[in-house]
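Okay, so chain A shows up in both of these, paired with chain B first and chain C after.
And now, the complex of A and B:
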């Protein structure tokens, strides 16, 4: 999940990509919350399959998904591997036995299930986040969920400053080198240098933030009267349908899991 | 506020307002001195006032007071009153437009149109009225792109034009300009000053039938501005008011009269006084020259994910006792060239070498060794500050470089004297004024006695006095045999100093006139 200053958000003309941001986030939250309650391969598998099948409808290309989602892929893989190795369930056929490292068919299944569950929880959210324009999100949060504008648009303005901080970080590194400061291979020096750079970055960020707040108030952001919105944020039937379909898929997934007897509640 | 602002912007242009300050003073919490005190000032509706004074005279504070943006809780003490059309300024916010110094920190939204609309949304203007007014405002300031243009893709000057549209779209009765060009290069400065001039020009009489959606007519808007380059902005004003630190208004009248009476004193205090009254610029003098000291061969760089190279292969030679100025538009690659020459950035190809150590490129040197031979002064002095006091800041480089302590102490003492920092030795670098920070950042680069000195926009945002000091200092260093390389937009600085010019355009560096004391062997670029 990388947010840049660019206004190029993919999928703004696709059937799911142009849904209201609140509907997208809602549709992603339903499976996440339900799947927190249970651990099983069937329900998670169905949600993951449905999410993957819907990728083209979000207007996302597979390459976009891989380019921006690889850290999550890495997290899913490492969670699955970690659980395979450290699970307490070591029944079934022995696949690998290297002293302390014992992998059996049962531990493989446990690892895969955990990885699949994590994927089912985060993948829908990723699809939503990748296709949400931050401005639309702020608009619809304010309009449909009554989030205070001061918070929503304030965060939006702060987001604009993020790429500036990245540039600043590089300059700070060069400035330190010019002053004779460089960590080289010394980890203690590296830590101190990092701390110093972070402090300088924060000083700059706070100052910029203060200026930004003044600039916003100079344009009446702190006015107490009713605020209008220049962009329309509509919650249409299609948005409601997206929520219903998401709920439907999750209901089907849980029903099948319970029906096949694999559903294990994690709430005890 | 919502009601009054909404009804005020719905009807045809708001009439210009009268601004009145009476015995006004402000002291910030935690400060001993008053930022402003005893200010009495009357500005008639439609007047255009340029506020002039040395740095530290409280000009920005005064402007914020008129904007109603000063929070009484941030003051230790305040006195007197600031009235806009007879009402306290804080209650008149909907009728005041303001343009601030840093365009990066003035824009709120990621798309140009949304950003201009922001001020109308806050005022509660109905949605269907917003877009025609936004378009008119953008046209009014000569914004060349569409509503969807990403604000991050704009140059500083364009961003500031956009911010001006964002202020004008609210149809202010008073327009306040707080050093709107201080963060811009010369091209951006003229872009913004042109836009302000155009915006203030009276528009044709409005057709009643056009209703509330016409152009944001600001003809006759009351204007109060501060501008770092007084010489460039004086033409916009019909009245100049001079304030002094803690002394209130000391001079007031038409520009020509005020500068004739007080021009010399203002120039002495560092104000950029406009031309007939400003002291003459220093003449160009040739440096002594000497043997080649730094040689860059075939250096180039392309940033990750960039489509075009930031710097195409270039060959540069710098000699001892020579000052070189690198010029070119923003984003042309001149800073990339300078940071590569200084050994701070690794080039993709080639390397920058000292002539006496031609086997190891500077970017591979350890920082402790590099700072002993090459000193770099960054555009923003704060980026370089590392120590809690000025004195320790100067000791840090020599210590890193492992230089002899007694020699270092003597040298640091000399630098403190020479750059007028001696009385500030115990102060925290972050608390210094702009000119002091600049002098300190130059001093830190000189503390290790490097023989190559690279300066990135050394005169940027400096007052006239610091500017002259920098020219003098650079000349002295060069005449003592140092190799100087300055990246600069400042043509006057280059004219006073440069023995060699390098023009950078779209990543191609080309040495150009004036007559070279030392002929360059390689034509760089191709």
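And now, the complex of A and C:
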């Protein structure tokens, strides 16, 4: 979903895109947690390859993925570079030696591995999140993970205010321009103006939230009797299969990494 | 969206009608069941910060921050990530508020097209827990600026350790220490900023339904 409140969620008819949100998130959580334990190119490479191979099954086009995920490319590059420079591994052939800056073949390898590992941690979650509708997510969190419904639906209601916040931001900007408050090229003035708008936005959001809470209470949101659900959320065998496949891929990746001797604990 | 930890909200998972007879609509007891307005305002604060996070992730990060994002000092300008946790607790003043607000913020930015996927949610979980633990250690009785700074530091420590494992696992130990230290430092800033923000919010009268707003009016 995007910030302007478009209801167009991609992949609602694809084999993986229409899985239960809890199953999708669970399947993404498994690599994101397990890969934290170690740093190695084999397990990370296998998870990235599996995630990339699954892209068509999510009903996502490659252009979608690039359009939404390009900051990830920057992050991977930045993480790889940072780890190359600040790593403690300085063995192997010296590539760059500028006083305190020493880059060797071993530190390059360490940097590249962390970049790949970051991709493996993030990519499955990105695929899952791109195809999740927040309403379905709240339903399945309540139904399958027993999240307290008042919190799940309360935050869903607040999430619906986000597009309004974007509109209000523009209104606040126009109001300030009408009053002659413009920063021009002065960065300090721009920052102060920005801060003022931000604060006004937050105050407006809190007031709106208070009104919303009264309206919800008037409709029995706080009622303590048994609660029914308007929509049905099902956890099918295919959803369980998605979780199992994810666990299988991660288990295979870690086994191969340990088997080839590349697995190193991240807590050294 | 908001995977709240049930153990953080003991009152919310009670069987209906056990804590109070039905009909008494406003439970005043501190730290008990969350009122609807508590839930909604915490959520709204979380969503507002989540939108900011999304803006940061999609606009500020790629243009300004990316080249710096993996230096040992990079956490030092990440104070905004920690603010929902501290601000949520200062405004709502209930057990679980820090964790809940931070989780909503993280989930919002995740759902609004974050390129970071689940790692945003996990960061939110650890940061929220970091702040929550500090508030819990003082039994949810202190809400002053000192408390806010400590809670910010707790969140910052959690952020630093999490990021050190996720983003910079290959840093040498010294640089990792600098990295985590920068994160704690930014947590202190986040604590002060959140406290100032909570005070300003209270002065506008927007926090009238909360103890945080009433304390301000008495001054």
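Everything that follows uses one rule, which is that the second predicted complex is superposed on the first by the 252 of 268 C-alpha atoms of A that agree within 3 Å, B and C clash if a C-alpha of one lies under 4 Å from a C-alpha of the other, contacts with A are read in each partner's own complex, and residues count from 1 in each chain.
Here, a contact is a pair of C-beta atoms (placed from the backbone, for glycine too) under 8 Å apart; a residue touches a chain by one contact, two chains touch by 3 or more.
As the structure is a prediction and not an experimental result, all values here were calculated from the model.
Superimposing the complexes on chain A yields a three-chain arrangement in which chain B and chain C fit side by side. Of the two partner chains, neither chain B nor chain C is touched by A:50. Across the overlaid complexes, the C-alpha centre of chain A sees chain B and chain C at an angle of 70°, to the nearest 10. Of the two partner chains placed by the overlay, chain B and chain C both lie in contact with A:217. Of the two partner chains placed by the overlay, neither chain B nor chain C lies in contact with A:243. In the superposed model, A:228 makes contact with chain B only, not with chain C. By the document's definition of touching, both partners, chain B and chain C, reach A:203.
Of the two partner chains placed by the overlay, only chain B lies in contact with A:172; chain C stays clear of it.
In the superposed model, A:71 makes contact with chain C only, not with chain B. Put chain B and chain C next to each other and count what each touches on chain A; the higher total goes to C. Of the two partner chains placed by the overlay, neither chain B nor chain C lies in contact with A:23. Touch criterion not met for A:116: it reaches neither chain B nor chain C. Closest C-alpha contact of chain B with chain C, superposed model: 6 Å.
Note: residues 134, 156-157, 161, 203, 208-209, 212, 214, 216-217, 221, 224-226 of chain A belong to the chain B contact set and to the chain C contact set alike, using the contact criterion stated above.
Contact residues of chain C toward chain A in the complex are 1-4, 6, 9, 12-13, 16-17, 22, 25, 34-37, 39-41, 43-48, 50-52, 54, 57-58, 61-62, 66-67, 69-72, 74, 100, 104, 107-108, 110-119, 121-122, 165-173, 175, 197, 200-201, 204, 206-209. Contact residues on chain A toward chain B in their complex (touch as defined above): 5-7, 134-135, 153, 156-157, 160-161, 163-164, 168, 171-172, 174-182, 184, 196, 200, 203-204, 208-209, 211-212, 214-221, 223-232. Chain B meets chain A in the complex at residues 1-3, 5-6, 64, 67, 69, 93-94, 96-98, 100-102, 104-111, 113-114, 117-127, 130-131, 134, 148, 150-152, 163, 166-167, 170, 339, 342, 344-345, 366-368, 370-372, 374-376, 378, 380, 382-386, 396-397, 400-401, 430, 444-445, 448. Within the complex, the chain A residues that touch chain C are 1-3, 25, 28-29, 32-33, 36, 39, 68-72, 74-75, 77-79, 81-83, 86-89, 110-111, 113-114, 117-118, 121-130, 132, 134, 137-138, 141, 145-148, 150-152, 154-159, 161-162, 165-166, 198-199, 201-203, 205-210, 212-214, 216-217, 221-222, 224-226, 266-267.
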